[in-house]
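Below are the structure tokens for one structure; questions will follow.
Note that the chains take the letters A, B, C and D in the order they are written out, and that residue 1 is the start of every chain.
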Amino acid sequence: MGVVHGEEMVLNIGPQHPATHGVLRLQVRTDGEVVSEVTPYLGYLHRCFEKHCENVTYEQVIPFTDRCDYLASMTNNFGYVVAMEGLMDIKVNERVEHIRVIMAELQRIASHLLGLGAFGLDIGAFTPFLHMLRDRERILDLFEMTCGARLLYNYMWVGGLSHDLPVGFVESTYRFLDYFEPKIDEFVKLLVHNKIFVERTADVGRLPQDVAISYGVSGPNLRASGQKWDLRKDDPYSIYDRFEFDIPVGEGGKGSVGDCWDRFYVRVLEMKESIKILRQALSSLPKEGDVYQSLPKKIRPPIGSIYKRTESPRGDLGYYIESDGTNIPYRLKMRSPAFTALSVIDEIAAGWLLSDVLAILGSLDIVLGEIDR
Amino acid sequence: MKRYFTDIWATLTTILGGMGITLVHLIRARNDNVTLQYPEERWPRPERNIGFEHSNYNVIRSRLHVDMDDCIGCLKCERACPVDCIKIETKKAPNRGEDIKDIQHIGITTNGTRKAMVVTRFDIDMTECCYCNLCTYPCPEECIFMTGGPNAKKHPIDYEFSEPDRSDLIYRFAKPGTKEGIEKIMSENKAEV
Amino acid sequence: MTVDFIFDFLNQFFTSLAGNEFLLLVAILLPCVVLFGFITIYALVVIYTELKVSSFIQDKVGPMGQGVGIHAGKWGLLQPIADALKLLSKEDIIPSSANRPLFVLAPFMIFVGAFISFVALPFGDSIIIADLNIGIFYILGIGSLAVISLILAGWSSNNKWSLYGGMRSAAQIVSYEIPAGISLITVIMLAGTLNMQDIIIYQQGGIFNWILFDNPFIPVAFVIYFISALAETNRTPFDLPESESELVAGFVTEYSGMRYAFFFLSEYANMFVVSAVAATGFLGGWQSPFPNALNSPGWGVFWMMGKTFFLIFIMIWIRWTVPRLRVDQLMNVCWKVFLPIGLVNIFGVAIWTVLFG
Amino acid sequence: MSTDQDKLITELVEKGLTGDMEPINSIEDRVLRSKAKAALAKAKRAAKSQETAEPKKKKSEEKSSDDLPSSVNLNEKIVYMINEKFSGSLANENTETHIQLKSDQWFEIATWLKSEPSLFFDSLQCQTGIDVGDNTLEARYNFHSMKHNHYTEIRIAVPRKEATIPSVEQIWRIADWFERETYDMLGIEFSGHRDLRRILLPDDWEGWPLRKDYLVQETYHGIVVPKMKEGWE
């Protein structure tokens, strides 16, 4: 008996759908439960980021970068200021560098927490999602303590920071890390090794390494496919070359390399590595140092262009900045990691069941704000 | 065949293990819970003192407030705003640094700057404000701030400022009648000359 | 508490109307009204339990409040009532392209299916509406009725998500009927009867006489039955027909207000039915776990309810722990795990009974 | 404006170009000072563009004479190899920050860039377009090699009227969406792209928003695009 083919049906997942993590429309061609083609339609959240940037000054761009990847605003700021400092040849002092790394790593944990929780939610596990949000709130508290905002920070400035660390921040962060580390193990026990979860994710949506590179997939998704590639190690920016940490790579622990489970587990391990970096950065944080020290009076970069990549929680976040010598960017392009990650969905989701498509979508950990910009 | 039974065994053990974790949470609900009973309990306001002057500034991202007695009408905040939600109009003051009683204009700021301008309009559209705090930094008189700033006593931190009408969220800080008042004074001055 | 019993009672009370058909009608309707009230109150209790248990598991506090008014009562006790009132007062939307008669019919059919299962459930020593001699068989049969109404709901909504939900639930419920039935066969083999009351009476004499502890094969049957029951009632990890992150809301996508409430109510009613059957078949029904204590009729009701609610609690507990299965894995579990093990189990029980029984 | 002021400014600019900023900074009149500074910036920019045009020729002469020393940077190496394989496809020989190519042989060069073992650019990091003015659009490609961990940028300028560049979508799959985005925003056609549609904007959008001469639509589907904010009078 061969495979039974039924009538094909076109199904629109989204723009409003609980599992699309924003307003994304996936046009899915299905035969019963089996999906033969996935076509993403973007642009529902397009806010003309790049056009905006050509009309505001360089410092005014930063609040807009916040709003691109609204789950990892700190790293978005970070990427932008690193690129701008490269363009303007500004060197910031040690304290600023340390605070930036601390913020970026806290943000990475916060972003992964939400990504993992939402993936669990896509699979149907509700409880881990709320446990993740509970811990994420603590990180947001730390951010609120620092800069007053919980989600969109506008914290890192070209050449400095908007505020120095508050009194007691280091202690609070240590307290958080001590609290959080056992919670990861609990989470692993509750969800990651759960047999139903493993069945749903292992061997599903395998993304081979060469396909991943060709599609420009980066960050945890690429690492899950077996490529040891982390900009923090391979093209170190800021002061990441001083810290000791490993790059977790997908090993096919429950199925094959590059499946949903690997993409999930790499993020779990990455949180542990971030904790390592945080502990080192907190212990070596210089006590002295003015965060406004190297703030330029006027941001007028010299004529020229720069493409600078940083490691955001979702992958390689690149800013291409073309300057014409004025205080307004001539062209600013954001190469968002989620954009490239989503482009691979048709390649890996075709042929799987409807439920798997949503699991794969969740495992890519996309943020629509960043895709549509 | 072996795989078949190990799979069943793994399913049972991992699910029971997970149920054990949730049971612990269920039993310890009283200790673990993180919920805030919202209208009765409020989020504790983050305590810190840092900013222009480290002793008297709380970093809060809330609604903007302008201390009009200190505003000199330099338009720096208007230019800094990335979303153009601040609109300022000024008129040249007849005499620099002098109070004008009729329109409650105070000539010298608390920093001692003598005002050359009378601010006839200072509108902030809070529906558009993106709470980026960029307008507060260039202010030379530190008169625009997110509430919870230097005048925290007068303006309690308040994240809930919903209004039934959208136009109520356009905050008009200029003192009422300033525009008409200053025009009248100017025309009188002209007449005198 | 059969209809005949009530009819006799009414005949004695209203001597002037003795033998009137009107009294017969009352005698039939009275248990129905009582039952309906019971299901409603039970649903409110279980919804509240579910809210609280899920909240505690997730480190929240769930519905809370200081008093009636804007708050939902002390500890949020009025929350389920508020929910029910909200659902009842909501606008009832029927999509213009839906098949109107079937769309309207589906929620009532599914509720009727759950409702009439209650008829054969023994709540106590003599508290049973209809003491059928094929009680367990009747409940299993009626349970399958839900399939029709779910397909009806899915299909008549004229919505692709609803259709998916309907189809999934049809495949799921039909498949899981079999392992559920097979595991109950072991009970019937031991008790030698299909009558619910007789099955309970067979387990007389304390916890060690319960069928669950009769021989080492029965716990396996119990686990299979319980998991199949989860699948039949569309509870996590088998909530594929209405999996909210995949199918939006599955077969109830287009339903709102009152009709949605009926689906909701019947899901909880079905939970009670399957739990009560499990309690009857494996846990001694209204029998006390102690051989010679606490087995008066009043305690009987308590034991029955206690056992049923314990199983419902486990259902809730599982729901907030595990993720959801995929549709092909659902079938795999049914046909490749439960069915063979269930069949082997029957032989095991039979051999055990012959050798040691 | 008095001619005296203009003279003064030109004098100051000349001084400024030699690196002497003192006279400019010492001007008391704020307006004059800012004017002088603006003029200086303008002059510097002009000088720079001349500079960049000139030394290139020298460099290319040097390079053709010596046979690729090991110390040359990657861009020079690539340029040298491209000159050998695809002669005439270089738009200019500037290799400081990027490689400027002509569009005609781009697809072949791209194929070669990925397959050449010593380059092996397997990752297209970023692809973007830019309106450089003078009726020219430019597509920019940022390449990276995961194996060699090296990086380069390639630019292809095309006239605005016939903005067509061969697509590399079949070489790097991500170019599919990148090129669609560039097409969407700047209207550069990528010939050979299998699915060249708008990606972020609606299909019926008019104009190319990131071109510098883009005018905001008056209405879209009958919705008037507001010029002034409501309530701002």
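By our rule, a contact is a pair of C-beta atoms (placed from the backbone, for glycine too) under 8 Å apart; a residue touches a chain by one contact, two chains touch by 3 or more.
All of these numbers come straight from a predicted model, not from anything done at the bench.
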Comparison of B-C and A-C (more C-beta pairs in contact): A-C
Closest chain to global C-alpha mean, per-chain Cα centroids: A
Rounded Å distance between chain C and chain D, as computed from the means of their C-alpha atoms: 69
Chain centre separation (chain A, chain C; CA means) in Å: 45
Whole-Å separation of chain centres (CA-atom averages), chain B against chain C: 54
Distance from chain D to chain B - Cα centre to Cα centre, in angstrom: 40
Two or more partner chains touched - positions in chain D: none
Multi-chain contact residues (two or more partners), chain B: 15, 18, 21-22, 34
Residues of chain A engaged with two or more neighbouring chains: 127, 134, 190-191, 194, 196
Touching residues on chain B, where the partner in the complex is chain A: 7, 10-11, 14-15, 17-18, 21-22, 34, 46, 48-51, 58-61, 80-82, 130-134, 137, 146
Chain C contact footprint on chain A (complex, rising order): 9, 11, 17-19, 33, 120-127, 130-131, 134, 190-191, 194, 196-197, 199-200, 353-356, 358
Of chain C, residues touching chain A in the complex: 54, 57-60, 160, 164, 236-237, 239-240, 243-246, 248, 320-329
Contacting residues of chain A [partner chain D, same complex]: 42-43, 46, 48, 50-51, 54, 210-211, 213-216, 227, 229, 234-235, 303-305, 307, 309, 316, 318, 320, 322, 325, 330-331, 333, 335, 339-340, 343-344, 347, 372-373
Residues of chain D touching chain A in the complex: 41, 45, 48, 97, 122-126, 128, 130-131, 140, 142, 146, 149, 153, 172-174, 176-178, 185, 198-202, 209-210
